[in-house]
Amino acid sequence: MKRGLLAIVAHPDDETFGCGGTLAAHASHAPVDVLCLSCSPSERREELYSAAEALGIEEPTVFDDLHVESGVRLIRRVSDVIVEKNPRVVVTHLPFDYHREHRAAYEAVKEAVEWAAHTTTYDKPCLVERLLLMEVNTLIPQPHVLVDVTESMDVKMEAVERYTSQLEKFPWGYYQNINLKKAELRGVQAGCLYAEAYLEESVPSHGPFYETKATRSLL
Amino acid sequence: MKRGLLAIVAHPDDETFGCGGTLAAHASHAPVDVLCLSCSPSERREELYSAAEALGIEEPTVFDDLHVESGVRLIRRVSDVIVEKNPRVVVTHLPFDYHREHRAAYEAVKEAVEWAAHTTTYDKPCLVERLLLMEVNTLIPQPHVLVDVTESMDVKMEAVERYTSQLEKFPWGYYQNINLKKAELRGVQAGCLYAEAYLEESVPSHGPFYETKATRSLL
Amino acid sequence: MKRGLLAIVAHPDDETFGCGGTLAAHASHAPVDVLCLSCSPSERREELYSAAEALGIEEPTVFDDLHVESGVRLIRRVSDVIVEKNPRVVVTHLPFDYHREHRAAYEAVKEAVEWAAHTTTYDKPCLVERLLLMEVNTLIPQPHVLVDVTESMDVKMEAVERYTSQLEKFPWGYYQNINLKKAELRGVQAGCLYAEAYLEESVPSHGPFYETKATRSLL
Amino acid sequence: MKRGLLAIVAHPDDETFGCGGTLAAHASHAPVDVLCLSCSPSERREELYSAAEALGIEEPTVFDDLHVESGVRLIRRVSDVIVEKNPRVVVTHLPFDYHREHRAAYEAVKEAVEWAAHTTTYDKPCLVERLLLMEVNTLIPQPHVLVDVTESMDVKMEAVERYTSQLEKFPWGYYQNINLKKAELRGVQAGCLYAEAYLEESVPSHGPFYETKATRSLL
Amino acid sequence: MKRGLLAIVAHPDDETFGCGGTLAAHASHAPVDVLCLSCSPSERREELYSAAEALGIEEPTVFDDLHVESGVRLIRRVSDVIVEKNPRVVVTHLPFDYHREHRAAYEAVKEAVEWAAHTTTYDKPCLVERLLLMEVNTLIPQPHVLVDVTESMDVKMEAVERYTSQLEKFPWGYYQNINLKKAELRGVQAGCLYAEAYLEESVPSHGPFYETKATRSLL
Amino acid sequence: MKRGLLAIVAHPDDETFGCGGTLAAHASHAPVDVLCLSCSPSERREELYSAAEALGIEEPTVFDDLHVESGVRLIRRVSDVIVEKNPRVVVTHLPFDYHREHRAAYEAVKEAVEWAAHTTTYDKPCLVERLLLMEVNTLIPQPHVLVDVTESMDVKMEAVERYTSQLEKFPWGYYQNINLKKAELRGVQAGCLYAEAYLEESVPSHGPFYETKATRSLL
């Protein structure tokens, strides 16, 4: 089966604000999954489902935790989902995000990606090939990857609108505007109308604990 | 034309000790080039040519500098060679190598890879896709990539022998032995007889100053 | 005499792209100076003068160096200018800017701010009160300070237009667009139409080598 | 109402040893509060109250925790106190303090300062203007701020004496002497008899989640 | 009584794979102890006892925790063991080990070494003189210390064999081979047949909270 | 011949202010040497000779450079002096000293200590056993080593007085007072009247390029 994308985020709305255009753009030709590590208050679960529907992706997996705290239990639950979904690409938060729970999500995901690949942990381990880090409110100084989301931008903005509980905190439209302007700025850098930016972090691709231990060619 | 590998090293012998097996393994099916940033004393140039011959690769490019000091002039000369050779993969030293000139080589190469991609600097810029960092005397704690060099290991050891001026500093065979044991250790990790280990460092793959500004797919 | 702003930048255009709106906004009520640490090719000097005129500030001081390399001589020349201009606020580049010469400018300015304050170096030393770091092409992940430049934005865009030698490298308007979109994005965060973003770096405000050795109140 | 100082410390005595002279010096003209994040054994609470009385400040707020461990619950309790006291200046521990619980206090305070400013968290948020880091047993290599405490030094030494449970651990007078000599050393640097030293850490002063989103002037 | 070595490790087998040759080599002339911070599943306890027997050292101390998480309780239990065993040398994991629980062990040990020395914490405190960090699966880039284990290598390999539950995860002999090749590689660097490598981390040797407050000679 | 101490400092007076008490305390029973990496203006050379005389140590070696800039030439000159003096202990500046040339001295000394030990560089290499870092104006947060200088403190203060060109910059006695108060503060921590504080940095003690390749005992 074709391997796709898995976005692992701290809270409902992070998947839309951070990489919604990218998720929607891939949905037509590859599996696109979302794992959300916390959900508080519980109404946000419905908003997340609604946003996922707008993006055209599967119903997200949601952990009911009130907060994201990295630790052995969370890491194992995350690696279980990675193994189940078997993505080629994992998207998550920045390690220098201003939000403490976004940084905790990064830490847990980084570990989970390692353990998901171990043949000693899983019968059918998952070796993630690319780990990409997205921008929500904290910007990436110099991105490695720019994804052209011109064609899915209207879908992303529609998904933003589903987060009514968040939008109403800023009645002058902060969340709508910041998502629009971020995409326009990255679009200027990317030579298109709208784009989303990512850092890419190298992950081990071979090793004793993985199924794929070595390569014969770097090309 | 097919794009290949370019190893950029501080001194003659670094290309053989650090990535000689990998260079030889690729030589049959892709362009493999070496740029050596210094040469002192001048006899080492002949040893380098001889080692390259043993590895089955082209005659290396050699800068006559006595020492490697990073700076605007070196960076520009390196980026000129990158643009000329147009490699997909660049291999160089570790930023935490114990040898000061190896670290200087890393710094210059890192900058040169950036500038070689700029459309404002070169008419035909070169966007390097992978930057790999090798181990000479300083080991990599946890490698990202292990290259199976079982079939080229005898060629590597033959190239090691060409560095008579270096080998005679340790008449009990230090350089031969360390290269053999490093490859055996990495081989155990890689599930083969002999391997070479690398860190991979993400390089920007899209951006305003590059020819390729964005991507439509992460897969 | 009232103490104002001094922007210390690596190349002509950095002062406009990075903090042009801020410079123009302060020009009416405080001294605003620019020191440019290099100028190559020499035509860019005229563009810099022209941009300064558009911003409504004094003719910048320009060093004729071809490149910015931090070192004892540059640091001393910079601290001499700081002492001469006696600013309360210095603006310069980010230490993590992708451009090597921007980072070199930061290093030199950071040192020069220290030495400019020493009573053992200058008869009339200058104690800079605020050191602010601006964004040119590299973005600030989480800014400390947002300056509302709504009223000076047209003047900034006019100054951008003076850099014809740079603009013509990107005929589709990259530099104009990136400056506009950056200001719009920061404007959304700042609750206004256009803004410029800065990091603030604490500088020693008292000490044995300064004129002001201690304070009696933190309020 | 005038906004003052809030010292947030790990254990009873840290407020006196680290910034007691500063607290006493401000007590006559501004609100001065102390929040102590742990109290074990419980007798130390009385010593803290007694020291506060000697310093001439209000009765401190004390959390009954046995140890300081940063986490979502502690951060929220700290930000609640910040919002209640509404200080302009917060003083806390160094992030490189040798004491693990002092570092934990720094982490929690740094986060709490951020969240206390959010309009989405508090109806009447508190934007702290200065975050200062003090020295208890770990010294600051190069301070940003030196506060002249010559006039309050006798009061500080009186407050030190109230910590009998701590002083009796070192009957030769370690705690009295180290506090005296630290103040004398900083006094030499500050050009006065006694001083206390601080690092200053920049905190965001504008942004989308704060009441004050932008500034018009840096002067 | 003569003071010896204490190895503090995360899991059964770390003491053998990381420093088994060193432990065995010292066992004839000094006390050699092992503290293992977790044990899961419980069968591994018997393997650890068996390996210790093979190495010729005392029965290890084992904590029954399922995982290693650094925190105040673990630190205190570790410092209690340090004080009880009173070693001159402590060996533990690397702070940059790929294994999260190895890093947690390092953090707890680093703290415990500090607190074990305090006269205010223990009646008979223990001032550890050397803190050495070993390599299990993560290699040390440039070791500070190489211990010749030629004479105890067969004993180490015998102890490796006792970990049948681990060895059977890699029936082609990964753990046996990696331990052999690591020792051979370090042996080449150390001028002997087999060696084990360590980083050394400076620990405070004098201070107000220690019994030994100062030295009169650095020689 | 007994191996002693070598202090390598950036400017005349650093050896007295940073470690003068330690140098004087060792002079009676071990070789004590000073290498000063710059001398400007040239009058300071006489002050340095005079201070050395007061400390009771040999005439220092002085490089005539106007500034300290680390680089291959300086490193080689420093390692030549290390090999000539063959010290067991090297004392130099802190890597985080506020003074740029002190940091440059640290960098050059760190490299020189490495190269001085290489059998491939020197016929009679010198393996430095301890590298200690001293405090001049920048303080050490938490020292590793405290040297009791009670008996040599008057000699240190006498040596301070020889730097008339420096003392007269602060006619109220800054340099005398700071040196006195630093020693008193460290004395309180060290349980004596006067002390000097140091960080200790681990240096490789065995390896393939050194004469001593391995050890058999860690005790």
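In this document, chain identifiers A, B, C, D, E and F correspond to the written order of the chains, with residue numbering beginning at 1 in each.
Note that a residue touches a chain if its C-beta (ideal position, glycine included) is under 8 Å from a C-beta of that chain, and two chains touch if they have at least 3 such contacts.
What you see is a predicted model, and the numbers here were worked out from it, not measured in a lab.
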Output for shared partners of chain B and chain E reads A, F
What's the chain with its C-alpha centre farthest out from chain C? E
Report, in degrees rounded to the nearest 5, the angle of the rotation taking chain A onto chain E when the C-alpha atoms are fitted. 120
Using only Cα atoms to place each chain's centre, name the chain farthest from chain D. B
Any idea how many Å lie between the Cα centroids of chain E and chain F? 34
Roughly how many whole angstrom separate the Cα centroids of chain A and chain F? 52
Using mean CA coordinates as chain centres, what's the chain D-chain E distance in Å? 39
Chain E residues touching 2+ other chains are 98, 137, 142, 174, 178, 188-189, 191, 208
Touch-based graph of the chains, sorted into line, ring, star, complete or other: other
Can you identify all of the chain pairs that touch? A-B, A-C, A-D, A-E, B-C, B-E, B-F, C-D, C-F, D-E, D-F, E-F
Okay, in this complex, where on chain C does chain A touch? 94, 96, 98, 137-142, 172, 174, 177-178, 181-182, 184-185, 187-189, 191
In the complex, the residues of chain F that touch chain C are 67, 69, 98, 100, 137, 169-170, 174, 178
Per the touch rule, the chain D residues reaching chain C in their complex are 3-5, 22, 25-26, 29-30, 88-89, 130, 132, 142-148, 188-192, 195, 199-208, 213-219
Tell me, which parts of chain B touch chain C in their complex? 71-72, 75, 111, 114, 120, 208
